[in-house]
Amino acid sequence: MKTVEKFFEDFEMGETRSTSARTITETDIVMHAMHSGDWMPHHVDAEFCKTQPFKKPILHGNATFSIATGLCLQGEPLNPHGMTYGYNKVRYPNPVFAGDTIKVEVTVVSKQDDPKRPAHGIIIEGKTTTNQKGECVCYAEHVLYVEKRNV
Amino acid sequence: MKTVEKFFEDFEMGETRSTSARTITETDIVMHAMHSGDWMPHHVDAEFCKTQPFKKPILHGNATFSIATGLCLQGEPLNPHGMTYGYNKVRYPNPVFAGDTIKVEVTVVSKQDDPKRPAHGIIIEGKTTTNQKGECVCYAEHVLYVEKRNV
Amino acid sequence: MKTVEKFFEDFEMGETRSTSARTITETDIVMHAMHSGDWMPHHVDAEFCKTQPFKKPILHGNATFSIATGLCLQGEPLNPHGMTYGYNKVRYPNPVFAGDTIKVEVTVVSKQDDPKRPAHGIIIEGKTTTNQKGECVCYAEHVLYVEKRNV
Amino acid sequence: MKTVEKFFEDFEMGETRSTSARTITETDIVMHAMHSGDWMPHHVDAEFCKTQPFKKPILHGNATFSIATGLCLQGEPLNPHGMTYGYNKVRYPNPVFAGDTIKVEVTVVSKQDDPKRPAHGIIIEGKTTTNQKGECVCYAEHVLYVEKRNV
Amino acid sequence: MKTVEKFFEDFEMGETRSTSARTITETDIVMHAMHSGDWMPHHVDAEFCKTQPFKKPILHGNATFSIATGLCLQGEPLNPHGMTYGYNKVRYPNPVFAGDTIKVEVTVVSKQDDPKRPAHGIIIEGKTTTNQKGECVCYAEHVLYVEKRNV
Amino acid sequence: MKTVEKFFEDFEMGETRSTSARTITETDIVMHAMHSGDWMPHHVDAEFCKTQPFKKPILHGNATFSIATGLCLQGEPLNPHGMTYGYNKVRYPNPVFAGDTIKVEVTVVSKQDDPKRPAHGIIIEGKTTTNQKGECVCYAEHVLYVEKRNV
């Protein structure tokens, strides 16, 4: 495993990176329904979907979110000084259909101290997932605790 | 598909329901790594895990989140008046290991108007996922837009 | 897990319920071939299928049967007084193709005593799985042993 | 695809063959739950199972049935003169646990004419699936229509 | 498990057999990417593929190789006297797309002694996988050690 | 997708890199059996395995090979000047069991001209997959055609 020593001080507001892309398939929709147990008709009932605005099955929001997370991590070195605390504001502004190709742009949108944990700082990465037309299909704020080099 | 006609006015602060339970297996960890492409060593490298505080592989937070969502939906009727807007504050306070059994409690924690969309209200459901010891392993706030019966 | 206390006496001849629907995909055909190990060419060899009356791959009968069972159980409460004994007369009168949407209607078709087990009765549920055109693609008789409230 | 020309007349009462064996794993239980959508607690809730006679999760009967069918077909030549009509009397007399190894014995148990289809006969194969202790875990009667060589 | 007693002396140069066929699906491409972790854009990024000579995603070579191996083994008896040593010269001269149907022809292309192991001989099987147009999509030389009947 | 412009001249004999690690699970063995259709008893019949030298199921060699390839590609940039031609000498000197953790070391072991294609050179990468004890479980020679910068 490649590692990187990246402390709180090393993150810069606005620094950005983008991931490789992945085409979503019917298999991904079925696979997520199976694994999560979420069989809502918007995802797996094509006859129901014909009666809805989108006309065909859409990927589960949580699947977009999970796949976006995977794209962000592929090939990334492990930073032993950071730890995922959770996410803020997960939004799904547009649907993802089988055949769409998605990728993610990750930007540092916030750096702040945590009064309760002086040895750490809080980094928030904004993760914007877009489809092949450039439409945002998922926006999530990833909250990380990162050790400070100098406390 | 069973449906229910539940308008904004029909949600009550503090109303609660709980789901059935599901035991997480090694298969679930591997399956989520495969589907998401998140192969971080905390989930799939048992030798690395021996060097970490938890000693063994842990389920990906997003997998807990997706499975919790699936548990919440199993057997739930479709409400044509509600629409998922996203999530707030997704947190993973404790790890999930293979062999743990999780279930979810869903509580209405907020009802509010949206000045920009007078025909709808915003419902926030707090979803608390716990393991067999009663420890919280995931907390998420699910944000729903729900039509009002009387505008 | 939701439970229901339903004794033999509580079942009524002719009572019926229907399930939500699910669209069968190519993924389902491949997945069942993989899991069962049934790679007969009717399911997985498109060139062979072109020479057959149906012209394209069909879902395995047992997969229809398994998925139909899953549809029947989604959201159903657990009845501690009943136990599956098996099935009678499983039939596949029409094929299922990728793209078809199936659902199930369950009807109590028989209530009878079992001379050997006076504390129980035998309930037979007829499970009729239909596609989006209303054609029956699977008919199965589900045999349940159910405790009697008053023996 | 290997084929065999086997007509109704070529089946003999009592002829028998047995299959190779397959060990059932936790993966198989989870996979069947996922594919079928049958998440009943007997299969996927280890805490619930501790309160039941069997103490641990059991494989879904339909999964045993599907895997048994796959075992019966592995390496079998295609007989263009036969066609599955369905099954009679599917029974699950004993549970299957992760770690059990199952195999199938197939015996011709009935040969009969069908007054309505003089060009075909009905063959019934009894399929007995046993575990490593020799206990029967599934018994199914497979109903085949087979063309007659001489009508 | 059916077995066969086939010694080194029983293999004949040029002896050949062919397998049943299997249609490759989009599911197979996604499944192999997931299981292997190989998410190169040639397999899973449809937008990238539009810029390449083949225009659409292709199956991973290793997946063709694995599926070809599976086809070769289906229904084959176990020979306790042989053991896979490895492969020589695995080549992928043409791409495999979703929708292609592949099968394998296996031919004994070499029989030789191994000076270091006089009780065994080395058999090399040439495995030629072709698509529905007869184009070779994978060629592999399978190296087997086989016991001699008479040493 | 990150890319790198690496020509034939840029490869150096003996250059080496190593991958992150992955623990093989029972799920991986079952998954490969399912996807490839290779159900040989060494992989999926635990009772048979008890009679063999290794005593328990082993991962399919081709699965080790595929997973090793995936490990080699994770996080690697795409080199538009290189193309996989195939593999030489794939060997499986030691078995892989569920629970083993494998990683790969990739070394350039050969650089040669191809008289028939003067614009390209042939690079051979030796890929050595080892388990947590340092034993080699797969060795493969990966053959690449790489464009020359200066022809």
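Observations
Per-chain numbering from 1; labels A, B, C, D, E and F assigned in written order.
As a convention for this text, contacts are C-beta pairs under 8 Å (C-beta built on N, C-alpha and C of every residue); 3 or more make two chains touch, one makes a residue touch a chain.
Nothing here was measured: the structure is a model prediction, and the numbers come from that model.
Under the contact definition, chain D and chain E share the contacting chains A, B, C, F. Mostly differing positions are employed by chain B and chain D in their mutual contact, as under half of the interface residue numbers are shared between these two copies. Centre-to-centre separation of chain C and chain D, using mean CA positions: 16 Å.
As a whole-number value, the distance joining the C-alpha centres of chain B and chain F reads 38 Å.
Each chain gets one centre point, the mean of its Cα atoms, and the points for chain A and chain D are 44 Å apart.
Across the assembly, chain E contributes 1, 20-22, 26-28, 31, 35, 37, 39, 41, 45, 48, 74 as residues in contact with two or more other chains. If each chain is drawn as a node and touching chains are joined, the picture has every node linked to every other.
Considering their complex, residues 1, 22, 28, 31-32, 35-41, 45, 48, 60-63, 65-67, 69-71, 73-74, 78, 84-92 of chain F touch chain E.
Those residues of chain F lying in contact with chain D across their complex are 26-27, 30-31, 39, 41, 44-48, 57.
Listing the residues of chain E that touch chain D in their complex gives 1-2, 20-21, 74-76.
By the touch rule above, chain F contacts chain C in their complex via residues 34-35, 37, 39. The residues of chain B lying in touch with chain D in their complex are 20-23, 25-28, 31, 74, 99, 101, 132.
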